[in-house]
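Chain naming follows the written order as A, B and C, and within any one chain the residues start at number 1.
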Amino acid sequence: MTNNLLLKVENVGIQFGGLKAVQGLSLELFQGELIGLIGPNGAGKTTSFNMLTGVYKPTEGEITFDGKRTNNMSPHQVTKSGVSRTFQNIRLFKEQSVLDNVKVANHSLAKHSIFSSVFRLPSFFSGEAKMEEESIKFLKIFGLDKYKDELAKNLPYGMQRRLEIARALAAGPKLLLLDEPAAGMNPQETKDLMELIALIRKRFDLTILLIEHDMGLVMGICERIYVLDHGQLIADGIPEEIRNNPKVIEAYLGEEVTE
Amino acid sequence: MKKSKVFWMYFVAAIIVYAVIQGMITGGQLDQYYSNLLILMSINVILAVSLHLVIGITGQFSIGHAGFLAVGAYISAICTMKFDLPFFAALLVGAIVASVAGLIVGIPSLRLKGDYLAIATLGFAEIIRIIFLNTDYVGGAAGMPINQLTTWTYAFFSLLLTVVVIANFTKSRHGRACVAVREDEIAADAMGINTTYYKVVAFALGSFFAGLAGGLFSHQFFLIQPTQFGFLKSFDILIYVVLGGLGSLSGAIIAAVLLTMVSMYLTDFPETRMIIYSLVLIIVMLYRPSGLMGTKEITDYFKFGKRSKGGNLDDK
Amino acid sequence: MEWVQQLVNGISLGSIYALIALGYTMVYGIIKLINFAHGDVFMIGAFIGFYAISGWGLGFFPALLIAMVACAIFGVLVERIAYKRLRNATRIAALITAIGVSLFIEYGMIFIRGAQPEAYPDVLSNKTFNFFGANISSQSLMILSVSVGLMLILQFIVHKTKIGKAMRAVSHDAEAAKLMGINVDNTISATFAIGSALAGAAGVIFGVYYTKIDPLMGVIPGVKAFVAAVLGGIGIIPGAMVGGMVLGVVETVVSAIGFSLWRDAAAFVILILILIFRPSGIFGKNTREKV
């Protein structure tokens, strides 16, 4: 595994009104790593994701992805530069078919213009065929190809979670951000999902940053873990270190227990 | 290729419909009343389909569509009446200027969402109307007399162009991007869709065809006045899209055709017409907010169902 | 000292806008609905006042009171019949319904009594005072004091009474208010009742001041009052008052400097500038969408 620094986050913070939601956040992700970002509810995990993907603009600090500063990029620019994500509360395009959901993320794969689409020029047909083929490929990986013409809203919950990951993958990321991908899943579904994540990571040579609420789960698959509490980084290291870190235990269990 | 075969099938069907009606007009089987009705229907369908792109497909709630209709109507009228341009060129200029107006209105206001956007578009449409009201060059409040140049041929081919362009746009990567914006703007953005770009494109394209309808409209009625382009006109267009089902092209077309007939029969009872319209709006929203068709298309019901006017060009 | 006179005219007009805007703002604050039909409640108020004065020979204050009570009932009926089912509908469905209700009231009125205008009877004696060289009519002073009085009463209701507290609680968080034992349905109806009563009062005042009323009179003042509400920060009661006054003064100034035909455009230009640059209005706070 090469040691290329893919994402560098330095002292990043954000303020909403007077409230400092996240401060002094520093992360380093190397090419090919699978990293966990954990912390109790309200610790600022999703807010951090939102800053990394351009949804929120950090009020301080620097985010550098793949050598480019992404602080002031809008979300679609960040995505095009190679960061893609899923959402904690599933955000599929509900009234579009499963296939179209993936095709939307494949948007930049083909280049046919509006003009060529409207007048059905040859580039339209070849472009759309290419998108179709590529999208089906992603659906197959996630076992969703048999549902391709269903509306996304009609999929069972677990399948919706999978579709979100398939869609994020179709956007062609180098770095994939997964926001609680196993939320609401039963143990078997969670186990399958984790295997799938390991698989796509290998196959697409991905770097993955994973938010999870459930510590046990993250411990199992992540190589390194960052821990957030009250908007601040309180620990980072390999799972073994995190498991025994008194600060982490305190953050998760509350102060009384540590005494 | 199968897709293009279906396309040509629809195309030929559309041409036959055109030719039959044109033959009946020339032959005198359809009198002035009915040919006017058909032209008015075509204009209303163009308006409905163009607003469908903005509201139904892209989910941007614009209730100022009459503003772009007005721009197209006045600009094309200026072209024919003051500059003696041919009607064809006047229609094109009107549509282009309307789409530029769409850009000017859209770029600042499309940052707004939901009902704020609705109110902003309403405000812009009123400003456009007041500008024409205060411009003596186009007759101010008294209005501007115009030669009647709109024919069934112009109306039909404008309609065909509108439906083909918007249906094809919708069924392409660009249209899917617009639907994604409607479904979830934040997720669309996160998937690499430039949401602002697509909102503005949909708005400009919608305005273009509203402007085209405007040109047909002004050259049909001898006289245009600013009062014809007020809130009520915008609501008229809105009702087609809402009644048809937000997101359904064929729904918008059917609703426009039906309501044009209803209002033609009620020409002499304008209050009754408005009462019926308003009741339709309220009842549809309370009992069937998805409209007649929901987001479905008529071709989803009958795989090879015939459509008289071009319709969904390449059904899969 | 003509500008003093214009200022007073502007404030009189503005206080009418403010009275209507209050209803918009209260309803929006509580159920996030732009009640397009609110301008038509204003029209209904003007007509009820007209019939009370010219039909029954009542004076200004009794007519004002009757119009307010009738409009309150009317507003609640509209809410119960049309809007109540929409609590869980999309914002767009609610907005379209409101547009439908508005058209229905306007054209229903035309259907019943025709579109012809009525001339409002003179009920307030009109004397003109010379005040620092400006001619100020007793009527505009009267209108101004009635409007200010109503606004003070409203402030009292919202801040000091039980129903006012319930209204604020529901607008803050309807679910939590329900859990705290507040009857949300009744609170919403009360909001409609108060807002509509104010619009009814504005209708009578408008009639007395401008003397001409017709079934479509509510459209433009309704939209402008909405502009006033947005200007002040929609959902914020003092914002609606200030917004109304500002809009009234701006319009009067635009007319006074010779652009009377552009007067209506001024309101929309203000609306658009506010929406684009400060959508939360003068007094509003920015909110962001949760991701």
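One rule holds in what follows: a residue touches a chain if its C-beta (ideal position, glycine included) is under 8 Å from a C-beta of that chain, and two chains touch if they have at least 3 such contacts.
Here's who's who by UniProt: A = ABC transporter ATP-binding protein; B, C = Branched-chain amino acid ABC transporter permease.
Everything numeric in this text was worked out from a predicted model, so none of it was measured.
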Chain whose averaged C-alpha position falls nearest the assembly-wide average: B
Far-end chain from subunit B, centres as C-alpha averages: A
Distance between chain centroids, defined by C-alpha means - subunit B, subunit C (Å): 34
Distance between the centres, which are taken as Cα means, of subunit B and subunit A, whole angstrom: 40
CA centroid of subunit A to CA centroid of subunit C, Å: 48
Of all residues in subunit A, the ones touching two or more other chains: 55, 87
Where subunit B touches two or more other chains at once, by residue number: 186
Two or more partner chains touched - positions in subunit C: 291
Contact set on subunit C toward subunit B in their complex: 34, 82, 85-86, 89-97, 99-104, 106-108, 110-111, 115, 219, 223, 226-227, 230, 261-262, 264-265, 268-269, 271-272, 275-276, 279, 289, 291
Subunit A-touching residues of subunit B, taken from the complex the two chains share: 1, 3-4, 7, 164-165, 168-169, 172-177, 179-180, 183-184, 186-195, 201, 247, 295, 313-314
Touch list for subunit B against partner subunit C, complex: 61, 63, 108-109, 111-112, 114-116, 118-120, 122-124, 126-127, 130-131, 133-134, 186, 231-232, 235, 238, 242, 246, 271-272, 274-275, 277-282, 285-286, 289
Partner subunit B, residues of subunit A touching it in the complex: 53, 55, 74-76, 79-80, 84-85, 87, 91-96, 100, 103-108, 110, 112, 114, 117-120, 124-125, 127-128, 131, 167-168, 170-171
